[in-house]
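Multiple structures are listed underneath, in structure tokens.
Here come two complexes built around chain A, the first alongside chain B, the second alongside chain C.
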Partner chain A sequence: MTALSFTLKSPLRQRLDASPLVPDRLLGKSPKEIATLDLQYGNRRIAAADLFDIAGDDAESVRISGSPKLDFAGRGMTRGSLIIDGDAGAYVGMHMKGGRLCVSGSAGLYAACELKGGIVEICGNAGDLLGSALPGNKKGMSEGVVIVRGDAGDRVGDHMRRGSILIEGNAGMYLGARMTAGTIAVRGRIGACAGYAMKRGTLLVYGSPVSIGATFNDCGLHTLGFLPLLLKGYQGLNTCFSETRACRSRVRRLVGDLSVQGKGEILLVA
Partner chain B sequence: MLIKLTGGTVYDPANGIDGQVRNLFIRDGRIVHSLNGATPDQEYDLRGKVVMAGAIDMHTHIGGGKVTIARNLLPEDHRADPEPRRGLMRAGCGHAAPSTLTTGYRYAEMGYTAGFEPAVLPINARQAHMEMADVPLLDVGGYVMLGSDDFFLRLLSAGSDQKLINDYVAWTIRSAKAIGIKVVNPGGISAFKFNQRMLDLDEKHVYYGVTPRQILKSLARAVHELGVPHPLHVHGCNLGVPGNVETTLNTISGIEGLPMHLTHIQFHSYGVEGDRKFSSGAARIAEAINANKNITIDVGQILFGQTVTASGDSMRQHANAGHAHPDKWVCMDIECDAGCGVVPFKYRDKNFVNALQWCIGLETFLLIDDPWRVFLTTDHPNGAPFTTYPHLIRLLMDKSFRNDMLATINPEAAALSTLGSIDREYSLYEIAIMTRAGAARLLGLTDRGHLGAGAAADITVYTDQADKEKMFTRPDYVFKDGELVVRNGEVVKVVWGNLHTVQPEFDNGIEARLRDYFDRYHTMKLDNFVINDWEIEGDGRSKILVHPCHQGTRS
Partner chain C sequence: MIINGVHIDETFAEAFPMRATRVIVTAQNLKWAHHAAQAMTGFATSVIACGCEAGIERELDPAETPDGRPGVSALLFAMGGKGLAKQLETRAGQCVLTSPTSALFAGIVEGEQIPLGKNLRYFGDGFQISKRIGGKRYWRIPVMDGEFLCQETTGMIKAVGGGNFLILAESQPQALAACEAAIEAMRRIPNVIMPFPGGVVRSGSKVGSKYKTLPASTNDAFCPTLKGQTRTELSPEIESVMEIVIDGLSDADIAKAMRAGIEAACGLGAANGIRRISAGNYGGKLGPFLFHLREIMA
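This part shows the complex of A and B:
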């Protein structure tokens, strides 16, 4: 059995809604049914075979060629694996509940937004609002793990509720804004206004120094017993956060945002 | 264009026709006695079908600032209910606060041909009209809101002559192109801004020193004396407050025989009996309404599910904001002259209060004897979206279905309600009164809501089915002004509705005074406040229809 692969015949000219190309919706379909799958392409519908060369037979493992216009890839998937060879557009992994999604390039806006489970890995950079809530919604990512090998944009984890976001590069402004809970770890630098209006949750920041809002209270340097345990949980994910040195660090703990509930924390690794 | 509708079973309460087989003839958009021997261009065989006039929703929030705010507040309402382009219909979205186009299509697909927006703020009337003009297939009209505006409260607190108030009311109706006057929480919206969080019927406004009772009497008298057909449209004090049944009964007796329409009365019929200090006041309300012929009501039934409450009553919406689901809301002032509150809400059948609200609404429907004085509304979208009307009709027409539903709700609420012991079932004739003939009569629409000669050919044709919900969800045919617009529940032609208005007479002397007031206090000049005919009719879609007032002739 080889992975079911969708290779673009020519570069996308319009935005494509790739949400039907997930294991859940491809399993049990004959090659003919898959070829005639109706996809939304710009303002019209198009059969999958008109856009893609389709090969392979294992619908538990799907590969799609990447494009910055490829939206909603992996939307709502609950099982199996989906690999985007190259870049992905907006909303990659939206509402995903399980399985593993990997983007070998960069992802656009709202990657892993309102994620409910599973693992999303982005090997390049991620756009703004990674793991956040959709506009108007009150609850962002609520379970699962997001790994970004490159940099992430602004407002990572906006309204985040639970789960982990691990960023090996830098993150933009408003990191963890309006978070209710959950963990965001950033290996590189972060932008201004981190933790803006966060109620609970943890921002673990390795890059230094950063400007912190006045509504965060400095609680001094600590050796936190829970930190090695937390990071141990990320072993197996193959990120820099499970290296031995990272686990032994002392951290400066800043508590806030005191303008709201104020039970969140920013941990600056010393 | 000559059309013959052959052999349908006609329900036309305005002309006393209760289920008789008749032929109907349409000549150029109007119903006529006969075609005088001419051959019809089109003939529809309606044997075995039920024929009624097009339905009229006399209280539905389909235009104006609060609907726009509700749409802005709830993008999830739109994401969850997309309506792709289909046939003649353009794309839209929205469950509780649908887009204008989708509103029109969905109403037409249920056999509705007119809807009236009950909360047009005078200062925002232009926007409300523009929005309503964008609703296809539906005749529209608006009730303009007074009673918490500074100019009126100044007049009242200065003890001005009723004549002057009448002039102001008439001027406002004319310049805002309205068909009636609505008052929302009389004086309360203004009192809220003076830090009063409650205003009972006989409580004084701290600044103007007037009471809601005075405001209601003054406005009801003005509307009556001006001969505006639609009585004062009242959203009373204390909406949603347990025990407000007393306020409502006082409001009914306090109006002293003047015509008055109490809207979404379900929200105003709560008692304080029982362990939870929340009980049904529907029986007492129904008794009062049966006894007072000057009172009409619409129910504002709630139905379970997610919706959004949008109201001018910023005082009560602010008080209820804690119940918002999802947890976000808007309360705002509008141009220092009115207010607005938008609180999304989810009615739950297992929740005691919601379940009892559901019972109270249905009790109200079933205990009021005269279907000419009660109207079928959910106060869209406040009790439920208008798309639930067929379900509501089935609840009224089918006792066993109603009791099945009663068995599924919060048992404590079900046990407290008398609903299970009420045997009444509405007939098709009574449904036709509530949703057609009665509504047209209440609004003074002489050529709508009936099928007699001279009426506009707004006609809905259903297939009679045991399941009334199915029957009213999908009419076979809908004609709008004589054009076939819906066939088998699908829009087959898109036309644009008319704007219904009244133009009461008044003494022009008021304008000088108003001009000075506008120059001093308002954000716009008086000349920009007045809506001109061409603003409505200029694009060639909507026509303004003026219905007569009967000044001085009504007793």
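This part shows the complex of A and C:
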């Protein structure tokens, strides 16, 4: 069996809602049913076969041509694998509950927003509000793992509740803002206002010294026993965070955001 | 059956069902892991009065422990789940939480989950931090030397307690030497503990007593000083009897440990004063698991 692949016939001219193209909704469908799948394309509905060349027969493993206009890819998926060959638009992996989603390029706004499980891997950069709550909602990502090989935008993990976000590059402003639990690790630099209104949770920062808000207090330099365990848990994910050197690091612990009686922590790797 | 001049009695050991769990104690080095684990498994020789039976199972390499530090695994056994949970919590709180650099993890994943750090976390007085790693919850409890890391729960499974055999020798030093050899061999078997001091018990008991309040009393049939005073099981040349009690996660584990121990004791042989191997057989009053010595040694 070969992966069920959707190859764009021509570049997208409008934004496309790719949420029906997930293993959960393709399993058990005949080639004809898949070809006639109704997709929202701009302000009209269109059959999948009108946009894509469709090949392959394994609906557990789906591949879609990438495009910055490809929105909602992997939305709500619970199983299987979805690979976006190239860039993806907004809301990649939104409400995803299981399986593995890989974007070989970059992803737009709200990637992995309100994620509930599974693994989202973005090989390029991620836009703003990665793993955050949708506007008006108060629960961001609540489980699962997000890996970004490049940089991430502003407000990563806004209202995040649980799970892990691993960023191998840099992260923008307001990292972990309003976070209530979970872990965000950043290998590179981070922008201003990290941990703004953070209640609980951990920001693990490896980059050179950053400016931290005045509402975070210094608790000193420590060797924390949970860190090797935490980083060991990332070993199967093939990221830089499971290197032996990283596991033995000492960290400076900053606690806050005290302006909201927060008990979150920013751990600056020494 | 005779092994190296040692007579193996045609009898059986009786054991009974228990509940058990395994925990892993790690620390900065093995010395401090042992300090914590020894304290935790102290005063845990018999459920008759200790609440649980516990012991150190083996030492663990850093590669075998969750946090990559040296550690030891300990097994705890009790007659019921509630009793085991209470003993575990009390011992973890007073002996491991208090021990410098220690951390505490579950050693059994399956089975009913009982609290490990679930309630100990309140010692953190609101400063405790929860972390879910790999689907398991851990608690980081701030303490004066840093943080006490403790997994939230550990698995409790059905187990077997009270496996035993008796070593009958011509003198006390010879009985003890045989017991030491047996214990050394048995400590290499996984999933078992020998909960008495040094693994050996000299005060084997029978069920019941002439005193109504006592559930157990001295096993007079095997007391050498009562040979002429009671219905003795001892022949004239036997001057000392010692018992090794085994708790295991399964009856197969106990049988394996008994075989290793009896083999080692018989290794010293009649030439070193070891005359007989027998077992605690209480006529079915004690429990449903029967370990026939000759079948085990066949």
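Quick note on the criterion: the second predicted complex is superposed on the first by the 270 of 270 C-alpha atoms of A that agree within 3 Å, B and C clash if a C-alpha of one lies under 4 Å from a C-alpha of the other, contacts with A are read in each partner's own complex, and residues count from 1 in each chain.
The criterion applied here is as follows: a contact is a pair of C-beta atoms (placed from the backbone, for glycine too) under 8 Å apart; a residue touches a chain by one contact, two chains touch by 3 or more.
All values derive from a computational prediction rather than experimental measurement.
Trainee: Aligned on chain A, chain B and chain C: do they clash or fit?
Mentor: Chain B/chain C on chain A - fit side by side.
Trainee: For A:Thr223 in the superposed arrangement: first (chain B), second (chain C), both or neither?
Mentor: Once the two structures are laid over each other on A, A:Thr223 reaches chain C alone.
Trainee: Determine, under the contact definition given at the top, whether A:Lys263 touches first (chain B), second (chain C), both, or neither.
Mentor: Only chain C is touched by A:Lys263; chain B is not.
Trainee: Looking at the overlay, does A:Leu134 come into contact with chain B only (first), chain C only (second), both, or neither?
Mentor: A:Leu134 contacts chain B only, not chain C.
Trainee: Give one of first, second, both or neither to describe whether A:Gly213 is in contact with chain B, with chain C, with both, or with none.
Mentor: In the superposition, A:Gly213 contacts neither chain B nor chain C.
Trainee: Check whether A:Lys232 is in contact with chain B, with chain C, with both or with neither, and answer first, second, both or neither.
Mentor: Only chain C is touched by A:Lys232; chain B is not.
Trainee: At the Cα centre of chain A, what angle separates the centres of chain B and chain C, to the nearest 10 degrees?
Mentor: For this superposed arrangement the angle is about 110 degrees.
Trainee: Residues of chain A touched by chain B versus by chain C: which partner has the larger set?
Mentor: It is C that touches the greater number of chain A residues.
Trainee: Using only C-alpha atoms, work out how near chain B sits to chain C after the chain A superposition, in angstrom.
Mentor: So the smallest C-alpha gap separating chain B from chain C comes to 23 Å.
Trainee: Do any residues of chain A touch both chain B and chain C, and if so, which are they?
Mentor: none
Trainee: Name, in rising order, each residue of chain A that touches chain C in their complex.
Mentor: 162, 181, 183, 200, 202, 222-226, 228-230, 232-233, 247, 263, 265
Trainee: Which part of chain A faces chain B closely enough to touch in the complex?
Mentor: 134-138
Trainee: Where on chain B is chain A touching in the complex?
Mentor: Of all residues in chain B, those touching chain A are 73-76, 79, 326-328.
Trainee: Considering the complex alone, what residue numbers of chain C touch chain A?
Mentor: 66-69, 103, 126-127, 129-134, 138, 140, 146-147, 149
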